[in-house]
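For clarity, chains are labelled A, B, C, D and E in written order, and residue numbers in each chain start from 1.
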Amino acid sequence: MSPLVFVVLAALTLGAAVAVVLNRNPVYSALALVSTLALLSCFFVGLEAYLVWALQLVVYAGAIVVLFLFVIMLLNVQREESVLPAPGVVAGVGVGAGLLALGVAHAVTRAPAVAMPAVAEGYGSPAHLARRLFTDYLVPFEITSVLLLVAIVGAVVLGKRRI
Amino acid sequence: MVITVPWLRWIVLFPALGVLLHLLAGRRWPRLVPWAGPGVVGLAFAVAVAAVVRLAGAGDEAALVDPIYRWIQVGALDVQAALRVDWLSAIMVLVVTGIGFLIHVYAVGYMHDDPDRTRFFVYLNLFVTAMLVLVLADNLLVLFVGWEGVGLCSYLLIGFWYRETANADAGKKAFLVNRIGDAGFLLGLFVLVKTLGTLEIAAIERQAATLAEATLGGWPVPLVVALLLFVGATGKSAQIPLYVWLPDAMAGPTPVSALIHAATMVTAGVYMIARLHAVYALAPAALGVVAFIGAATALLAALIALAQTDIKRVLAYSTVSQLGYMFLGLGVGVPGAAVFHLVTHAFFKGLLFLGAGSVIHGMGGEQDMRKMGGLRSHMPVTFATMLVATLAIAGVPPLSGFFSKDEILWGAFAGPHAQPVAGVIGYVVAALTAFYMGRLFILTFLGTCRADEHTRHHIHESPAVMTVPLVVLAVLSALGGFLPIPALAERVVGEHHGPHAPLGVLALAVALAVGGLAVAWRFYGTGGDLAERVARAAGPLYALVRDKFRIDELYAAVVVRPLYALADLGARVIDPAVIDGAADGAAALVRRAGERLRRMQSGNVQHYAALLLVGALGLLGYVLTR
Amino acid sequence: MVPLSWYLVLSAALFAIGVAGVLLRRNLIVVFMAIELMLNAVNLSFVAFARQLGAEDGQVIVFFVMAVAAAEAGVGLAIFIQLFRARETLQADQVSTLRW
Amino acid sequence: MSASVANVLGGWPAMLPSLVVVGVALLAMTVDLVWRDPDADGAAATGVVGLGAAIVVILSLWGSQPVHGLAGTLVLDRFALFVALLVCVAAVLSICLSIEYVREQLIAAGDYYVLVLLATSGMILMGAAGDLVVVFLALEVMSVAVYVLAGMLRGDVRSNEAALKYFLLGAFASGFLLYGIALVYGATGSTRLDALAEAVAKGPAPMLLGGVALLLVGFGFKVALVPFHAWTPDVYEGAPTSVTAFMAVGVKAAGFAALVRVAAAAFEPVTFWQPLLWTLAVATMTVGNACALVQTSVKRMLAYSSIAHAGYALIGLVAGTAEGVGALLFYLVVYTFMNVGAFGVLLALGRSGERNEDLGDLAGVGLRHPVLGVVMTVCMLSLAGMPLTAGFTGKFYLFSAALDAGCVWLAVIAVLNSLVSVAYYLGVLIPMYMREGTRELVPPRARPWLLGTIVLAAVMTLVLGIDPAGTMRLAASAAASLR
Amino acid sequence: MLLSLTVLTPLIGALLLAALPREPVAGVRRAAFVFSLVPLACSLAMLGAFAPGTADFQLVERAEWIPAFGIAYHLGVDGVSLFLVVLTTVLTAIVVLAGFGDVHRHVKEYYVLFLVLETGMLGALLALDVFLFYVFWEVMLVPMYLLIGIWGGARRVYATVKFVLFTMAGSLLMLVAAVYLGWKVKVATGSWGFGYDAILALGLSPREQLWLFGAFALAFAIKVPVFPLHTWLPDAHTEAPTGGSVILAGVLLKMGTYGFLRFAFPFFPDATVVTAPLFLTLAVVGIVYGALVAVRQADMKRLVAYSSVSHLGFVMLGLFALDHTAGAGAVYQMLNHGVSTGGLFLLVGMLYERRHTRLLAEFGGLWAAVPGYAVALLVVLLASAGLPGLNGFVGEFLILAGSFQRWPWAAAAATSGIILGALYLLVMYQRVAFGPLEREENRRLADLDRREIAVIVPVIALCIAMGLFPTPFLSRIEPSVERMLARVERAGTPAAVAHLGSPP
């Protein structure tokens, strides 16, 4: 990915992210979120993570955000009277979040900026990923199944009207 | 030579058993009390006489000792509860048990109708027990047991008629003032323990040399000890500045006044100093203090006595005054004379009090001399015995007071530590004594009766059980001057053979006594209003004397009220406000911090998230800047 | 080629925007969206690191993160629905019965 | 680099405890489906029996050699077993505590027990994790289950609010945790804890340190360290009391287990981390105690007190020694029993549909219901750290570790905090014993499970206070297995 | 075995009592009394088995408790603790008997707590392991907290919370210090240890000594209580039920002074020597201050409570004089105070049972109504005031005479306390017993009944016996006191003191 493309994409991504936060209407926020996720997936392509790219679009942007939209619609949530709290609070949060970003950025950029090395053949391919997933990451994978079970039980328990 | 005599303890035990007997059986068999009360004292007297006989047979320097048991032993301090009879304590023990017995007998009559008679005899027996411990003690700590014990009994007996708050107050005052003295006494003991490691009187005498050299914080120990012990003596024997309790102590029943506040307890200080003459001999300066305090007390009390109208109060101040004489004697180095006066004073002052009691008894409780008069005809025995006593105390020869007083006064000029100024005061006091005693006697017995009709009707002579002791004491008061007391006492307290008083001096003393009585007669016996005129002429001075120089008020202002103010400061300010304030304040601080922190818990989930962010920033900041 | 650090800085910025969104927005669903933003920012870091290291672990982890996100979304949205049923609101600042 | 599936599975026993518990959860779910009993006692019974079996399994593994199985993602050492044992016991106690409560509150009973069991499996995995991803996922399993549990009183807005707050903040904190994992991954090239330890040994790198700091945020949230504690009082107060008990004992223990695992790998050198942990510990215990002091709701007070106790427990990590970790583990055990007892008494005070958690609701209970009184007294004394109760031996162990590590002032601050805590713990006894109360209670005998559980908790609190030596030995050997 | 029996029989009694039914109350009371007699018998057997003339710990028992920390169940008795143990068992039995009259609510619980309390007190007195001591020390606290809080007066909650917080404020720091000592043993020997001898064998630097002494001393000073840490005492005493007050004054306060002598002095001799002037000053201030404030109290219990402050000031003076005459006197005075102040509280309690007030203003002239009571009150008051021939005097005299050896000014100032002591006690006595009997309620008062006589006669007998025959006590106390002070005396050399000034 060339620097120019990166910068443009990054700007768009950040803009979309800010739109998620600043948009008055939750539906628009959700749409901005979809945009952000989609834009992010472009970086995954740039990083040669094709499977992740696909999943990002399908699972994340597709399934999860749709779930959001669904709930928003279901609950018919009104738009907020004002998007943001008092300017002082906003400034404070801005400073805090900025400091966080700066701090993390400071930490991660202290390492010498070397160009990314070339990767082996098949990097990011489903086969490779699957192999890792079922060997080194077998336990996490299994735990994920438990997690999803918990989520199902939980969502059912909380969601259903009568026991 | 010290002889072990294991039965000496019975002198103390008999009265103690009396206490127990009265406590246990007094309520069930009240008729036992009038017999047992004096009886046990009589038994003690008998044992004491036996002891004296034994002592007399053992040579001049001998002493009888009864080592009963080891009381306290810690480290080097070893306190034996032992009794010791030498000639000094022998004299005292005879006085205590002998006069004690007479007064017990008298009390049987005096307290005949009192519902609390049993309690009275419990106290009285207890007093005799304690007093005997005091005089027989071989060890200063044991002596102190008796010393405080008599104080306690004094407290109880003064407040015997406890329903009157004033009586209870007087008892309390007596105990507290005595305690002040006792604190001094204790300090003296501590110094002795520190210096010598013992409180055994004989051992202290043996180690006099060590004592003489010792210093405490730069002060010679003998001086310190002598003065501290003297503080104790001023309390017990009612000397300046601690005499104030004794006049109030007259609130007790009259036999008590006679026994405790005239004959025995109040002389404990005199006895103690005589007992420790070896220590005082090492501190001439202390002796000087003793002499002057004694003289000053004698004068002050005599002056106050001039203007009192309560018959017992006059006698009380007279007692204070006479005790002053004794201290004067001790101070000028004639302890034998002091002890002599102690004994004769016990006779005639005991008699005076008992006589006064008889008068009060006869007058139905009246104590104001202004409402008496002309009792001679109603109470002949009392009148006669009181006359003897008055002449004795006034110093009219050849009655006992003449001899003992003279020895002291002459000692002031010719004694080993002569204090002529004090001696002069002594002579002045002698004249004053004759005057106020004459006044008392005249107002009470002579002239016409000033009591109201009802009282006058009931005036009667006391029963034999009361008058017989009066007569016995009158005989003693009259003839006591011929007892060889000084010689006997000096076997213990060290001989003093100064020249006898020259005839001129004796004549002066007699003249002062007779003169005092004569002036009293002129004032009160001739029916004129001279007394009132003199009083009016003296004006405020008279009021000051009548109000006892306002010493009580002075003490209240200088000691009592500041003390209570301090106590209030503690009770109302320091404890609740300062200390608890600090503790509660700390608690409140934590609480307030909790309240403040709790307000951070606003309930808004985003605030919590913000807090979390702050924490994350803090952690990041820490790790990235370290 | 863009160096790793660019991705990481972008990731940090995204994360910060997400954090800001969590703190600022009143609508709880949007708040939750902001949390999704944070997760995605982290995902970017994972993938970038994976690329830098030449190993796929980072990508595998992203799968797990997605699963977690899905699980959380399921439960979280159920909680929101319950909340809305009870209170007729999804405003963060109106849910403060429990406090102090 | 990548191993074959067969190789990976060679270390399967490392999964055994959690597998058993997951299996029990599934069995319970099945039982609940088959046996259509609204009270779902079948599920509860399955849970209790199954957890009992899990405990047997755990104990049988105690003597075996440590297993680093499944490509190093799971570790079966004594530490893991100890944590597994602890959370299983906590889960059993929580279930027994809940039986009558669940029945009375008309909670979806089968799901309740299933979620407790699934959360327990997550907790076991947290203690056994050898990889940060496992830590993260296990933590999510536990958390998601507990979010739901917190909101299970469906008609109760407070329960819902608790679930909401816990969920939102939990997800938020998970983001930080995940970011921390990402940075650690970036710095070390792996998410394995042993790789992390190796990287740390090489010297401090900013990215690594930043990552560990963010990890600490995530764990700090779970164990409720100040300033990541703010959710605790609200969630504890709002959640169903039986769930609060489970959170207090289980979630906290598992959070600490994971924290200790990570700390063992990452907190080197000790001198670098000690001031930070010191500050966290002091802030946590102080804020917790100060706030607890001014509460009038016993439940909320216990919530703040759980914050304070997290501060005490952290002392074990501040010490940075095996002894300290042993003390921490022992303290977690102690804390489990005394908290179960305390929350159990609150449950016993409750009647269906009423919240009976204020100090005033305790009036006169101590003398009218001596069993409740004695249990509450024992638990409060233990929480306050009075001798002959477990709380005292636990604190003693912690203080000894702190002094051994030279942290004298930390111990002093901790005891000053204890003094504050004495005020409110013993304050609970004031209404219980020193005021008259007339409120009718459900007689404790009517709830045999609850009664039995709290009595057991009180007895254990006393046993651990009087004869702690055996459990201390277990904790010490568990701590020793970490390095 | 004997010591364990003494310590544990009350606890066993408490458990048995707890298992008994609540009703009939009379049966519960009788059972409690019997249970209180068992430890009394054990302690008397211990007294018989005690060999006088040696300073060592006797009848020692030891068993491992928490081996990982070298903590042992280690009991032993010496002259310092011997009579305090007997005092505890005697007072508990008396208090149980006294409780027949004034405890009518929750009788069973009352006695259960008392017996538990007794175990705590006995254990603290006999423990030779610092950890064990601390355990028993705290065990005392809880029953007393409840005793005051449940059976106390109107302000009982305030009083009992204050009591607990004050006490805990000190004792928690002592815990840290104790753990530090255990750790020092580990540093020195390789394994943790809290044994008495092991800690004595430590070579603590002077600076450490000062800190540790400070922690121990704070705990003990609050318990004593030393001015200005005493304000919990009047409240606790006033609000506590009679039995609580008796035990509080009779035994609990002694735990502080006992702790100084048993632990603080021998463990930290240099620090003891250095801080002695401070504590002497506080002791003297306490003597005078307590007595003065007592004078102004309107409530009898409060008055007696402040008198305790004053009396315990004497004990502190005796201890910090660091002289074995004074030390023996101090230990003796602990016993005396236990007997006489315990007796005072019993008597005040008897009055309270009858009139439900303790205000001095409500009384007066009681001698006429209840002469037996008045006599008993007089004797006990006088014992408390230190009248020679009664017990208080021996202790006070030894303390003052002993402390005068080295600290004449302190002793002299303290002597003023005996004047003030007489003042407040006589004020109290006068207001109660003397004066006119005006109030109708007071006129109808019943004199002591048989049970009350059985309660108070042992107290009076002890007052007299201990006043007249102190030697059997002192001969057992003194060698042990000497042993406790021996290290301090060695430390008191100028070289050691100079050494203390230097940095560690």
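By definition in this document, a residue touches a chain if its C-beta (ideal position, glycine included) is under 8 Å from a C-beta of that chain, and two chains touch if they have at least 3 such contacts.
Just so you know, these numbers come straight off a predicted model, no measurement behind them.
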Chain D and chain C - chains in contact with each: A, B
Relative to chain C, chain with the most remote C-alpha centre: B
Pair of chains with maximal C-beta contact number: A-C
Farthest chain relative to chain D (centres taken as mean CA coordinates): B
Distance from chain D to chain A - Cα centre to Cα centre, in angstrom: 31
Distance between chain centroids, defined by C-alpha means - chain B, chain D (Å): 78
Separation of mean Cα positions, chain E and chain D [Å, integer]: 43
Distance from the mean Cα position of chain C to that of chain A, given in whole angstrom: 6
Numbers and ranges of chain E residues touching at least 2 other chains: 165
Multi-chain contact residues (two or more partners), chain B: 587, 598, 601, 603, 605, 609-610, 613-614, 616, 620, 624
Chain D: positions in contact with at least two other chains: 133, 137, 140, 144, 147-148, 151, 154, 163-165, 168, 172, 179, 183, 186, 206, 209-210, 233-234, 423
Pairs of chains satisfying the touch condition: A-B, A-C, A-D, B-C, B-D, B-E, C-D, D-E
Residue numbers on chain D that touch chain C, as the complex places them: 1, 133, 136-137, 140, 144, 147-148, 151, 154, 157-158, 160-165, 167-168, 171-172, 174-175, 178-179, 181-183, 185-186, 189-191, 233-235, 237-238
Residues of chain C that touch chain D when the two form their complex: 8, 15, 18-19, 22, 28, 31-32, 35, 38-39, 41-42, 45-46, 48-49, 52-53, 55, 57-58, 61, 64-65, 68, 71-72, 75-76, 79-80, 82-83, 86-87, 95-100
Complex contact set, residues of chain D against chain A: 2-5, 7-9, 15, 22, 29, 38, 70-71, 73-74, 106, 108, 111, 114-115, 118-119, 121-122, 125, 131, 133-134, 137-138, 140-141, 144-145, 147-148, 151-152, 154, 163, 179, 183, 186, 205-207, 209-211
Interface residues, chain B side, partner chain D - complex: 587, 590-591, 593-595, 597-598, 600-601, 603, 605, 607-609, 611-612, 614-616, 618-620, 622-624, 626
Residue ranges of chain C in contact with chain A within the complex: 1-10, 12-21, 23-27, 29-30, 32-34, 36-37, 40, 43-45, 47-48, 50-52, 54, 56-57, 59-60, 62-64, 66-75, 77-82, 84, 90-91
